[in-house]
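Below, chain A partners chain B and then partners chain C, in two separate complexes.
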Partner chain A sequence: MSFTAKKGEITCLIGINGVGKTTILNAIMALTPINKGQILIDGEPLKEKTFEKITFIPDAITMLPQMTVAEAMEFMNDFYTTWNQERATELLGFFRLNQTDRISSLSKGNTAKVNLLLGLALDVDYVLMDEPFSGIDMFSREEIANVFTSHLIENRGVIITTHEVGDIEHLIDKVVLLDDGIVTKEFDAEDARENEGKSVIDVMREVYVR
Partner chain B sequence: MNIKLNNREPVYLQIVRDFKERIAIGELEPGEEIPSRRELANRMKVNPNTAQRAYKEMEEQGLIYTERNLPSKITTDQAILSRVRDELLLEAVDTFVTSVRSINVPVEELLELVREKYTGNEDKEA
Partner chain C sequence: MKNYGKLVNFEFNRVAKLFAVLMGITLILQIAGVFVEARDYLNMANEKIYEEMMPKAEFLETFGQMSFLQVIRSIWFLGPIGLCVAGVAFYIFLIWYRDWVGKNTFVYRLLMLPTSRLNIFFAKITTIMIMTLGFVAFQLILLPIEIVIFKGMVPVDFRNDMGLTELVGSMPELSIIIPGSFLEFILYYGAGLLAVSILFTGILFERSFKWKGIFAAVAYGAVAVVLFIAPLLLQEFVVDGFFYPIELFVLEIVIGLILLAASIWMSGFLLKKKITV
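So, the complex of A and B:
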């Protein structure tokens, strides 16, 4: 298993459930031990300092349900030196979220947005997002997709995982197809269209349906 | 600015074509400022790197130009502008000819039909 995600690019890990997408993200964050192989960030092996450069946005919010959005933001501010309040406020507006709402009272879509806000408000070079589009309504999906075309992501290296690439085909730079713990294909989405006239889904179909 | 993107064609070329079409119909005027790469990416819901690539392509083709840190603008070069129109027209006619050729219709009959349809539509739009 080997792939590279560059700064300023959106790399999308695609695979059906259970192929190891989340495990990869966990491994990058040293949340899961790795038996062999190496993970390099900016050419360097992981160390404590590395985690000031990366943020991991898991597929479910990790804040306590009784917290309000404002409290969750405060919590992040206390824990991370890289917290950028200005950007957090901007994200609140971007997602039209209410600071005084309790997390437990939020809809699924809004919970996902708060979750993203908490991660994206950190001033870090790399962002890992686990299934940011999964299980939410199409309008929330669209709003979240808009983040990818905005300056909120600009110049950062992004890795996102998904099992449905359909609505984000035009937003991603690179695709890494996974199957059962191995990389079956790594390609540039625009190159596939340009050189082979294939959509990301076309390539996936070739790789998975044999 | 709402074009329907095709998944099998390079997105940057689709953006370039969209600009050409808007130049050809006069929606974009010579010397007009165009949105920043960021704005374009946002409006078209495409990857910012793709928008960047589209602008680079348009700069290479002389469709747009950028002075220092100012916003990019549509070219005022008349030769390029009329070439855009010709190119689009030729492309559309080529597509039409290719699809109609398989029907094997005499050219006179075809032209008559084209004339009828084309001017007929104009009447309706007017």
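So, the complex of A and C:
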């Protein structure tokens, strides 16, 4: 399997559940071993300092449930030199989150927003997101989708996984279709729309329903 | 280094509540034990002397004086110690597994910190050491207080006073926890540190390879134990007292240090290359 994600672009890994989307993201962050091949970030293999350059937002929040939102931000600030408190505060306002709330007491949608906040408030070049829209309510989805078109994402390289492309079709630049551990098709969403008059879903239909 | 310090602080705060609760239980039960044991003895003395009119001298001859050792030997005193030991032993595993359980898998965050992953290992092992030494220190503060209470309750004629060293010395279980000399301290706690590092490596084997990892962990532990006791077995059964005690001692220390280094290296390798969230 081989694909490249560029800075300033949103690359979307699409495939049904179980094809290895999450595993790819885990492997990029050295959270699961790879048997062969290599993963390069800006042409270099992952080092400890790479975590100041790339961040991963998994589908569940990665903070202790007993922490408050403020404590979670403090934790991030303690360990990451790239933590940007200004942006964190901006995101807090944007998502209308309450700093004193405990993470364990948040609704599903708000938990996802805090999770997103903790990742996006880092001044990193690359952001990986695993199913940021799964299992949350419609309005939270909208708010999160709005982040993608804002300056909070601009100029960063984003890899996002999803099994339902509908919500974000208009946001993504590049699509990588996966099936059972291989890349079945890699294409530019804009190109497909303009030159072939096909939506991402049309292309997917061609690939999967044969 | 700075990140290591922050991680230790963080890890210790996560267990601080459990630590405080165990210390509280120790405090309450041990002091209650002093009262209960002393009262039992005094009640018996009162009964014999005032109700059965047994002369004091005869009572002391028959039943003996009470020493603080009776308190120390009671479940009131040893129970809480056992509880703290069990607590630390349990937490050796929990300190890793708690990061993997539940929806909020914190291990993602720990492994994605921009610092050497070995710092996670060092922070966790330091936390275990702080807990252990913390309990011991607390016990050392508690003991003299309990002795004062004991002396306040039992009249001087009825008690046999022993020094702290003498008390600890007459309880082998206790002299492991509170060693008599600095050398013993280094040896006992060094062996403890080594054991924890081997257990940690075993846990990381399991976390990296799941079921197969358990076999690897057991094999690793077995090899470590065999290597560690090899000089003693050799001395006993093969070379028949060939080594001087000091040589044997140095040999054990060297092997211990090698095993410690091997465990740290292996844990670092597993954390960096093989771990799975």
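Everything below uses one rule, namely that the second predicted complex is superposed on the first by the 210 of 210 C-alpha atoms of A that agree within 3 Å, B and C clash if a C-alpha of one lies under 4 Å from a C-alpha of the other, contacts with A are read in each partner's own complex, and residues count from 1 in each chain.
Criterion: contacts are C-beta pairs under 8 Å (C-beta built on N, C-alpha and C of every residue); 3 or more make two chains touch, one makes a residue touch a chain.
Just so it is clear, the structure is predicted and the values come from calculations on it, not from any experiment.
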item	value
Fit-or-clash call for chain B and chain C when the two complexes are aligned on chain A	fit
First, second, both or neither for A:Gly18, with chain B first and chain C second	neither
First, second, both or neither for A:Gly135, with chain B first and chain C second	neither
Which of chain B and chain C A:Gly181 touches, first, second, both or neither	neither
First, second, both or neither for A:Ala30, with chain B first and chain C second	second
Partner chain(s) touched by A:Glu190 [first = chain B, second = chain C, both, neither]	first
Partner chain in contact with A:Met63 - chain B first, chain C second, else both or neither	second
Chain C versus chain B - closest C-alpha approach in the superposed model, Å	28
Chain B and chain C contact sites that coincide on chain A, given as residue numbers	none
Interface residues, chain A side, partner chain B - complex	8-10, 145-146, 148-151, 154, 169-173, 190, 193-194, 197-202
Contact set on chain A toward chain C in their complex	26, 29-33, 48-52, 55-56, 58, 60-65, 75, 78-81, 103
Touching residues (chain side chain C, partner chain A) in the complex	3, 6, 10, 14, 102-106, 108-109, 111-117, 208, 272-277
Chain B residues within the chain A interface of the complex	5, 7-13, 38, 41-42, 44-50, 53
